[in-house]
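A single structure is presented below for examination.
Which chain is which? They are A, B, C and D, in the order written, and residues in each are numbered from 1.
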């Protein structure tokens, strides 16, 4: 395209990556109506319209506004779409994001294109010696946008489920699983290992520094826990036996009346669950999804095994190719591993569902948050949350890596989260 | 129009009235976007889309469904748009009305036209001897729809105010007031009077039976309390002096941090308030609006006078023509009475703002609720609420009368409510 | 006693009455241990220790402190034992009354005797022309103390019930009923009647002014509703049928899970209830007790009749002697009327249980609160509450009269409240 | 005493230790009146009376009830004093522990002596081959009792502080500090270390197994952070700067209005704080106390350093003698280290205040909870809490050790908790 002609190849590569990620967002958002895009079905959920505004706000705030001459076309968005960056200024209160009848969705999309134009102009006009700096921030922005792609999908599923009409994000039939491979174990010897990001390319600050940890010998389950296995836990009184649960987990079960994973529903003797394809029967061969840490831990307790630590998971993942049922596969549910023979490595490590670990989300030894407002990205959340690893069926392939640390509160379960087991040797 | 040709003149009159009221609703709703129409800004507020669905649901439920052969085109709306009629069945939970991304606004409008077609068919086909019965229910339905016209306007103003962008319902400049007539008093002698609806035409069951009450001699204020007078109360420490307040009122002031009427805001030394014309400076000559019963009572206490009882108000109103700043005037704010000389009767009795009375909303002696589900319309709310009289600037003229009883909880103030004073002789 | 010798007969009469009421309080409190006396089992309940402190505080505040030379021996009690008198100053927060491990109960009793000594000294030393003023305040104080005697008994019952050990206030066996008289009706013709206190002697400001009301012809039930009759309502699905309930009542039933009166409990097929004699089987012949207004109204609805208004009750009571199962009877439960033949007047009008009326607690026409802090006694509660009439088995005989207005929120039921029916003619 | 004569020396040693710890409890409880002993000033606090009952319940439940022939003299205490052992059965709800006017304090003390007699009889009569088993459980029970000694002191301080009269636990003047040693740093090299309990004697299950951890080189502060240093943080806007805080911490600061440690209060320009000696001026030389994890972390952030991990702390403590300002010192406040020269090891490692670490409370690699109901002691709390190390001025010397893990939620601050700093090298 003509507007790129003036760009150097670095500029061009950056612009192409920018366009690729930004287009992916628009493609993901396109089935969502303006009315559905506005709903905040619980405090933790953000409306799709808000996600779309916030992703552009990120580029505007951290790149375009760095130019003192910049005039925002939508000054009022500075507060509306600030998520939690205190260093940037005030924020529209999170639980009121669903109150924004204005801006209209089409105005948010217009804003998106205005920001895109601004980024392109900046790429075209910036002196060569400043391209490096903008490059770093654009990459953060694109990974930020990919996170929000997944958040938007998690959130819209909750929105659809909240509506008694249970609309589907995708009208097609869901892909069908064929069977389940038996659960096997992969063994890893004890030793001091390097954990955290030590390579080139992009990683978030919470993956740094690469450091050493002593890991005791352990075994890791060859695949994810299936919905069928989880139903056995349920049938065995899993939700009625306090001895299986953490104390805070048991309180949550009692208070919330939990008896099954989120989105499950009993219809005439069969379990159904809400998915991006609408209400569908639970496929017992596919990984259980939408369980909290409390449920994952109680399930592991029931089996007599346990959840892996994040270091164990990372050690096991470190040699594996990043491939699996990720966003690019196009399947909008976690899938089975029926066809696979037992292999030399655990399967389903990437994609399908995020895997709860038994590790609290804490700074690595020697961790320092990024300077400036971007330092609020990760570090300030390092308390009260548990780490999940490996990505889900809506995580983009270019977004996930062995050292990637996701985190949620132990009672959260609207994310695409599941279970892998580990055991001591 | 051709479809009416087959109708008798009663049927035709009924159909004309039906069309008139239903069109008025659509005209009032037309400036509201699909996105704004969906928002529930607090539990008490219903989205405009829900109001529109519910008004049609009323006609479908109480007329169309009475024919056993009737097949609803939208069976799922039976629960979604049931407000509180337990006899009709389950209800979508009130605080979740803002979660309804589906049905889309355009589907709700389609449903509206389907119901209209059903009503017309019923009017055309019903045997003559059943027209009387349907006539009564249609009239209830139209008065119900007029109530929801006002509720929709109250609610959308709250929605617009909740949005930090403060959009306006109506883009024009608001009408301007010119001055304030002095406050005078009209005296009424003691005696036994008939209170409640005793005429022909329509009245709600809570206006029956017409009964006798002994009313002591009293005087009624010649006009509504103005915003300017209310500002004097504020300046005199009205919101900081517990001795002026009911105990529950004072708790509410403390808990909610009230310091002025709802929708007021201080900007550079001037009071502004949110209106259907957007944010506007407070006009001190026009009636104070958006005060709760607690505030009305505290204000009256401060003046040394009191609020009228509903019987006193009704006695004073009984001889007056129903005219004033009602919906038909087109002014979307309460207006002043500057031009008026002192007259033989109190002014502003109808329209402008609902007038809080000192009467609890209770059944009249000999009251019986209507039979069937329509009996849930009024009677079950006869506890914990206070009566308001006289209508507001968005009340249709054909909807208000001397005996009309509106009611709200004493801490509610998002309705168009104001103050008239009374005193003992 | 020697200290009274110097008093005039008015002073002596006042002192005797003072001593009589104050001794009654101490007798009532004597079975309560220091530990039980300190518990606040819900926000509405005050610990017995607090009641005892507050009753003395009342006399200290409104009499002793009126002398500028007065030095309080316990200055810190001024805030601790102020219930809600804003004009007197700050208050220890109501929901924290159970946190007062200090003062010890014995210190509160010492304070009581210090205040008694102060009152006696004041009575001895006051000039004759000031005795009239102090007489009025002492009488208010004694009626206030009698109210708190009943409140203390209500509250301690809740405290005992909260304890899973269910201790008894009184160790003896409760008196037994013998049967139930049939329900008859007494008729009253329509007319304008004087309502409110018009006699000599003491009355609270809320009983003034004596004024006229038009009362339509009605009939009043000859006795209170029995527990047996209430059990029929329960058996007939009373707590599961929304059509019987006020809307706010039904919400309360759902939210609180009400299925029977407060303090009732099912044990092996029999209903038991907590009483001042500990847990006892429900006697179906005695009046139902511990029902809320919502339950009283729903019960009346179920019978097809209704609750009386307070004016109707007062009219019926106005000619009757103040006698019945009041505090002086010594029976600490409501009793049956088995032995009584049908008589010319309703029975059980005084004592046994307070009778819910269908009247909201509002000011009478021409009402003015007392001046000064004592004006906070009644007037500021005239919103959101319903009137009860007639007293209970722990109301002192000298405290109750035809015009006496008690009031509680419609969801309250820890007071000794029951039901009498009325109907239109 | 004669009753011990029949005991073997193991039995005698056990009985002596039992008597020693149990007497210590009674000595600690003796200044608390029955009325203060009953108060639950917040849900987290248990009344002293409840602690006393629970400590005896522990011995009765896990020892006396193991004999099927045992008849409890107080069967009803089984539920009342069960804290959270689901395997033992139902529990009186925790937030209702303050509602127990019965049993009286003296009855709880009687129960205590009944249990003591039962334990003695068991020790006398048990066959030799069963003594080993009972020995283990008695030792758990005594360490449990020592924990509750500290909990009882923490809780009673909160109770006294809640009372506006602010009574003192101990009437004497508090000990005075003299100065503060400068903050120095002790360095520790990187390496794999053994962490957890690996010795003989008693340890809780959460200290097992002894395992290896890789610890990076670090430095540890030579003493605790002082109140004076903490005041500098406050003066520098510590409570107003979100960038210093964890996100959940900042929310807590906002929601709770925190501006200083718990129990601090500004009086005429000077900071005072509630202590077991009543209200006392803050001594800037003594360790800051009653800070939450959020505050400890924000303070560390402000200094540019950080909190130690629990492994770092344990490594530094492993060679040190267990001595310091512990319960046996008799000082009921944390004390300064003024007199001390810089030494070869950090001071104040034991006693004074519990030291927040940056480690989440999680199971050690290979951890297994104890079997049976005692397995509920520690494991089920391994989520959402942070580890504290080293004991406080009310921790008994025989109760603390290098591997001892205490844990609290990050927003808790009524425990005796303070701050030690660490840094990376």
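One rule holds for everything that comes next: contacts are C-beta pairs under 8 Å (C-beta built on N, C-alpha and C of every residue); 3 or more make two chains touch, one makes a residue touch a chain.
Here the structure is a predicted model, which means the values were calculated and not measured.
Going by the stated contact rule, which chains contact subunit C and subunit D alike?
Correct list: empty, since no chain touches both.
Note the shortest touch-path length, in steps, from subunit B to subunit D.
2
Using each chain's Cα centroid, which is most distant from the centroid of subunit B?
That would be chain D.
Taking each chain's centre as the mean position of its Cα atoms, how many Å separate subunit B from subunit C?
Chain centres of subunit B and subunit C, defined by C-alpha means, are spaced 39 Å apart.
Mind checking the centre-to-centre distance between subunit A and subunit B? Centres are C-alpha means, answer in whole Å.
47
Please compute the C-alpha centroid of subunit A, do the same for subunit C, then give the distance between them in whole Å.
Centre-to-centre distance between subunit A and subunit C: 61 Å.
Show the residues in subunit A shared as contacts by 2 or more other chains, in ascending order.
none
Check the chains against each other and report every pair that touches.
A-B, A-D, B-C, C-D
State the interface residues of subunit C toward subunit B in the complex, per the touch definition above.
Checking each residue of subunit C against subunit B gives 84, 86-87, 192, 211-214, 216, 242-243, 245-250, 293-294, 297, 309, 358-360, 362-363, 365-366, 375-376, 380-384, 410, 424.
Quick one: in the complex, what on subunit B touches subunit A?
So the residues of subunit B touching subunit A come out as 33-39, 41, 76, 79-80, 92, 96, 98-105, 159-160, 162-165, 167.
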